[in-house]
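What follows is a pair of complexes built around subunit A, which joins subunit B in one and subunit C in the other.
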Partner chain A sequence: MGRFMGRRLFTAAISILGICVVVFFVTRVIPGDPAVLLAGDNQSEEYLAAVRARYGMDVPLLEQFARYLSGLFVGDLGTSIRTGRPVAQEIMERIPATAEMILASLLFAAVIALPLGVLAAAKKGTWIDALVRAASVVASSVASFWIALVLVFVFTYQLRLLPTPTGRLPRGFDPPPHITGMYTVDALLTGNFATFGAAASMLVLPGLTIGLLAAGFIAKLVRNEMVEQLDSGFVRMSRSLGISKARVIVQDGLRNAGPPIVTALALLVGSLIGGAVLVETIFAWPGLGRYASDALANKDLAALQGFVLCAGAAVVLLSLALDLIYAWMDPRVRLAGARS
Partner chain B sequence: MTAPLVHPTPPKPKSPRRARSSRLNPLVIGGVALLVGMLAVGFIAPHFLPDPLATAAADASQPPSAEHWFGTDRYGRDVLARTIDAIQLDLTLALACAIAAFTVGTVLGTLAGFMGGVVDEIIMRFIDILAAFPAFVLAILVAFALGDGVVFAVAGVALAAVPEFVRLTRARALSIRRQDFVLASRVLGVRALVIAWTHVAPNSTGPAIVQAAFVGGSAILYLAGLAFLGVGVHPPQAEWGVMISEGSAEIVRGIWWSSLFPGLFILLAAVGFHLISDGMARGQHD
Partner chain C sequence: MTQINSHPASRHRAVVGAIGALIVVALAGCSASAPATESTGDAPSAIQSLVIAGNDVTGLDPASIRSTSGSLVNRNIYGTLFLQQMDIDPDGTLTPIDSYEPGIAQSITWADDGLSAVITIDPDARFASGEPILAEDAVYSIQRTLSSVSTSRGLALFMGIADAAADVSAIDDSSFSIVLNHTTAVLEKMLSFQSFAILDKTVADEHATTDDPWALEFFATETTPSGPYEIQDWTAGSSLTLAPSPETSQLLDTSATSVTLDVIPDATQRLLAVSGGAADIALELPPELLAEAAKNPELSVTVDPTGSVHYLGFDDTIAPFDDVRVRQAISLAVPYDAITDAVMLGYGQVAGGPIPEPIAGSAGLDLAYKTDLDQARQLLEDAGHSAGDIQVDLAVSSAISAHVQAATFVQEALGEIGITVNVTPLSNADFSQRRLEHSLPMFISWWSSWGMDPFYQLYFLLRSGVPTNFVGYSNPELDDLIDRGIVSTDSTERDELALAAQKIALEDAPMAYLFTDGTAIVRRADLQGVGSGDDRQPRLELIAQQ
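This part shows the complex of A and B:
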């Protein structure tokens, strides 16, 4: 286990270093002057020089990179030109909002997609299977920012079931005491049910929007994994022993299909963070995605770099965590890792 | 009919002929028909519709009617004309993304798989790093860094799609380089790059074509998303993402038509690409 962990930690560290390299060099080496990018066209040479000096672009590229990396080691992601505050601090403040939204969306997605995927696999080749596949194709073809608007129109304008999307809490509510930073969780922990209801009513639509996108992906994945498992020798064995189909599906199918499905979640969460850039913009959700779209609109280089770095690192760290958990639970994983 | 869980005999091995013929699967035909139909409408219909850029303040934000089937937006422009006008642009850009990513990805993948050794190592390490980024996030970064423009948005979306092509092609190339016909070419003294180009590349692109169709669909979504954020295509150009963005502020006031219709067309176009991909994948795997 120690050896597997060491190898896995090493590759994760290399990946994160690689992410830093890409994030830095993509914005520096690319044709065109980053100072012009930041300052805008038609600026005087003196002004450009001042911009370069301000962002440390007046020293050789490798030295800039060394400074950037050494800054990262002490948690310095630079300063946002929009707010003048440290990017690292702003990102830390915004992580709970996005985490809450993505957790809610995974919950929605699991509730919708898991039964559908299992059902499609159990009824492989029937019209039910075809319907689930069609639904999953449609779900992966919908523009997230569009379905968000459609949901807002239906639920807040037409049915008036939910408050207008203006952030994490409706007007007149104060955030609950800070424990996790996720309003719904904090409100529950402190027993503040009115705030919980209010926060949940704001969370439903962004969570559902992202959840629908995730559901298409998860349904397809669950179906394909389950089809493979249900076709395997041990399932045939169980069935021939007279164990009911439903029981075989849960006991043999789902348990074995689980690991590859959960592993794929790391990548899925990555794409959900990408989707959050659009969805948070629509719901005025003060998370990482909104931070990125603000950075984009204001040409806030440090803020955007910080966001991209976090999104990449989140994927690497999440898949690292999942891999380590599996290796701990399942000796076959760590032995296979050691051999290859 | 439920599929039996118990196979009395193992399933027959699939013949390559069957895989080839089933490429003309109804899903693929449906997807192609959908996209070709959209393109045809995109080429012909604008001749019969109002100017997609013509504003009319008196006609602003009118609901769908006999005169304006999809209504008008807040500048009084005809939403139907704009939605139709955007077909050519959106589909062309999506195709450009898919073709660019396919070309770069399969060339790199063939090289990595066929050459092996240091070349393989360098290409794959780089690809692993790219793949760690969520696709849309990488597209945003590249489009931001390159500067604002449609070409840069396409480049960003295409780059984000490259890693999957490299992996698919490399895996195929690795198995093909050990085949007898490649060995025979080697024995005959054919140069490695020529072998890679004439034997390995054509035989390793099957799964990559499936992926290209898939990328076409996601490129529609990503490009519209970038345009929605103000990157790539800009107003007043008729583009689906731009149109949804322009309509988004009005939706809480009940004006749904200016963003609903462009979004439906995004859905249709992406479904078209995804059907092709899904249908071809079934032909190759099932």
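This part shows the complex of A and C:
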């Protein structure tokens, strides 16, 4: 197990280093001089030179890279040229908002997709199965911003059931005391149920938007995994022993289809870390996706590098954690990994 | 295979918890949180909580203002030596007057020759910390804003300050002098801009370093408020809350006791917020949303003119645009009215020239080109060009939707006179760099001058050798008129110089002047005191409820 873990950790470290190299050089290929954007009225060469010097853009590329790497070892991701603030601090400030939205999205996706996937598998070959599969394809294909706008129109504008999307809290509510940074969690932990309700109400629509998109993918995955489990020998044995179909589906089918579904959800989390730009923009959600989008639009190199590095590292570490969990659970996995 | 058993009781608790959460969400979602206000009949009353929907605040340094929202915050947390006077119209709209009254300054005394002035600080002026505002603070602030690290460095030319380090100096704790290298009509005006915010020199010195002598790193995120408000809370990317500064007397009895700037990046959602009561004011809405807001009787739309010029630029140094007849032909082909009607939806007007109204000295539309395709074709023929002879890429910044839309009108119109145009949207960063490098043969850009000064506008748009003269135009006669206008303090002379300059700028057609727009603000109809001065930002202490 130790050898397996060591190999995986080494691979993860190499991956993260590779991300550092790629993101540094690729961002410099993007056209445009950020100093010019910052200059505003003062487009003099003197001012531009001062800005480039201040942000280290006036030294050779390899020296910039060396400075960048040495900064990483002390947690310094540089300074945002757009805001003048440390990138590491800005990313840390946005992680709770992103985490909160991801968790809400996964919750909605699971609540929608799990029952539908199980139902489709149990009714394999029927019109229910066909309907669920068709709905999955549609849900996965629809544009996120369209879903978002439709939900806002229906629930906010027409039915007036939910507040106007103005961020993480509606008007009149202050953030709860900071514990995790996730307003719903912090409000619950501090017993502030009114703020919890307010924060949750703002989370419903963005969570539902991404949840619906993810539900399409997850429902199809659950259906396929469940079909495989329900066709397996031990399930047929359970049924032949008189165990009820419902119990077989839940205890044997769903639980044993769980690992690949969890893997897919984990990878989905990775894509959501910075991939919900449009949703964050429409709902004024101060997450990492919007941060990355603003950085790209303004060629804020430090911010862009910091975001890509953090997002990439999160995916690598998530994959590593899954590998280690599976290796611990299933000796065949770690033995195969040790041999390779 | 792994099998996981779950206890029936835990499943039951999970279901109940989920239902409870849903009920709480539904109740919270249905509850309204209307802004708390007081109303006492006809007299304006104070708003306890004012909410503004805008874009992100990116940096708080007055010397490096990076966003409209950042400019708004700076306008209201920092005091300036002078303030533009404002009138409130019967409908509650604020209208700026071209007159400046003392702010943090108590008085200004000019020398007879107009080449120096002594400014005295109000002895009651205080920072939010309680420390008195001294002359050295004003001197430091001016020197900092006119230093090489500031984006407002260029204002020194118009103010007549050749070397701020030498020419701006404290006389004693309460007064300082400014020595000018030429007379100027705009000193008080420019000292009223938020870029000349008065900072606490003592605090600045504590955070200055050898590598950062002007404490840029400190002021990017920290403040030394000297204005009516101070920052109470700032969650980057989410919201910024202002509270009344306890140590300044700049607040009125009707000033809001809490102002929150909510960061809502999508313009449609900003309109939705102000329409639904989640916000009281919405900023930076495009024309199509302004038109929607205007239909709502609970909202009021004001557009304060800025004298901006959105123009079709050409590289005047390369063929075929180095031929004035080609430039004039293009200027005659542009469908100005169609652009203002279809793109700006009435929230912009034909510019008519480099100095649109209401900038002082503007010729309005008297000298403007009128669309005339026949004359345009004739001019092209006279210049030796036949149909299809000229093919050009028209670059626009994809970040400015009005320019992208206007480009299609220009493309079609120039096609009518035989010029083939290929519209090329570029990212803002790429567009800005190529524009500065003069590598764009044709492009749509814009310029807006703080202070509505005609010579400030002409200087940055068209004076030879100025980096922001992106068309590369050079005319010594025009340069002379601009230089004389900058130093003139006689309004009649300034108007004459401005008129002569406009005639040249239109005759030579270095660019086609498309349209002018303004600072648009959508507000609840029951608010008064909303509007902006020449610095294009609302003064929050003037906003009250009717």
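In the analysis below, the second predicted complex is superposed on the first by the 302 of 340 C-alpha atoms of A that agree within 3 Å, B and C clash if a C-alpha of one lies under 4 Å from a C-alpha of the other, contacts with A are read in each partner's own complex, and residues count from 1 in each chain.
Keep in mind that, in the parts below, a contact is a pair of C-beta atoms (placed from the backbone, for glycine too) under 8 Å apart; a residue touches a chain by one contact, two chains touch by 3 or more.
Quantities reported herein were computed from a predicted structural model and do not represent experimental measurements.
Participant: For A:Gly84, is the partner it touches subunit B (first), subunit C (second), both, or none of the two (neither)?
Facilitator: second
Participant: After the superposition on A, what does A:Val279 contact: first (subunit B), second (subunit C), both or neither?
Facilitator: neither
Participant: Figure out whether A:Leu119 sits in contact with subunit B (first) or subunit C (second), or with both, or with neither.
Facilitator: After superposing on A, A:Leu119 lies clear of both subunit B and subunit C.
Participant: Just subunit B (first), just subunit C (second), both, or neither: which does A:Lys245 touch?
Facilitator: first
Participant: Does subunit B (first) or subunit C (second) touch A:Leu230, or do both, or does neither?
Facilitator: first
Participant: Please work out whether A:Ala302 is in contact with subunit B alone, subunit C alone, both, or neither, and reply first, second, both or neither.
Facilitator: neither
Participant: Should A:Thr156 be classified as contacting the first partner (subunit B), the second (subunit C), both, or neither?
Facilitator: After superposing on A, A:Thr156 lies in contact with both subunit B and subunit C.
Participant: Looking at the overlay, does A:Trp146 come into contact with subunit B only (first), subunit C only (second), both, or neither?
Facilitator: First partner only, subunit B.
Participant: In the superposed arrangement, does A:Ala257 touch subunit B (first), subunit C (second), both or neither?
Facilitator: In the superposed model, A:Ala257 contacts neither subunit B nor subunit C.
Participant: Which subunit A residues lie in the overlap of the subunit B contact set and the subunit C contact set?
Facilitator: Residues common to the subunit A contacts of subunit C and of subunit B are 30-32, 34, 37, 152, 156-157, 164, 281-282, 297, 299, listed in rising order.
Participant: Where on subunit A is subunit C touching in the complex?
Facilitator: The touching residues are 30-34, 36-47, 50, 54, 79, 82-85, 90, 93-94, 97, 152, 156-157, 160-168, 170-173, 175, 193-194, 196-198, 200-201, 204, 234, 251-252, 255-256, 258-259, 281-284, 286, 290-291, 294, 297-299, 329.
Participant: Mind listing the subunit A positions that touch subunit B in their complex?
Facilitator: So the residues of subunit A touching subunit B come out as 15, 18-19, 21-23, 26-27, 30-32, 34, 37, 122-126, 133, 137-138, 140-147, 149-150, 152-153, 156-157, 164, 230-231, 235-236, 239-240, 245, 248, 270-271, 273-275, 277-278, 281-282, 292-293, 296-297, 299, 304-305, 307-308, 311-312, 315-316.
Participant: Under the stated contact criterion, what part of subunit B meets subunit A in this complex?
Facilitator: 1-3, 5-7, 125, 128-130, 132-138, 140-142, 144-147, 217-218, 221, 224-225, 228-231, 240-241, 244, 247-248, 251-254, 256, 259-260, 262-263, 266-267, 270-271, 273-275, 278
Participant: Spell out the part of subunit C that touches subunit A in their complex, as residue ranges.
Facilitator: Residues 1-5, 21, 24-30, 33-35, 49, 51, 53, 56, 58-59, 61, 64-66, 148-154, 216-217, 220-221, 235-239, 262-266, 269, 272-273, 276-279, 399, 426-433, 436, 460, 467-468 of subunit C touch subunit A in their complex.
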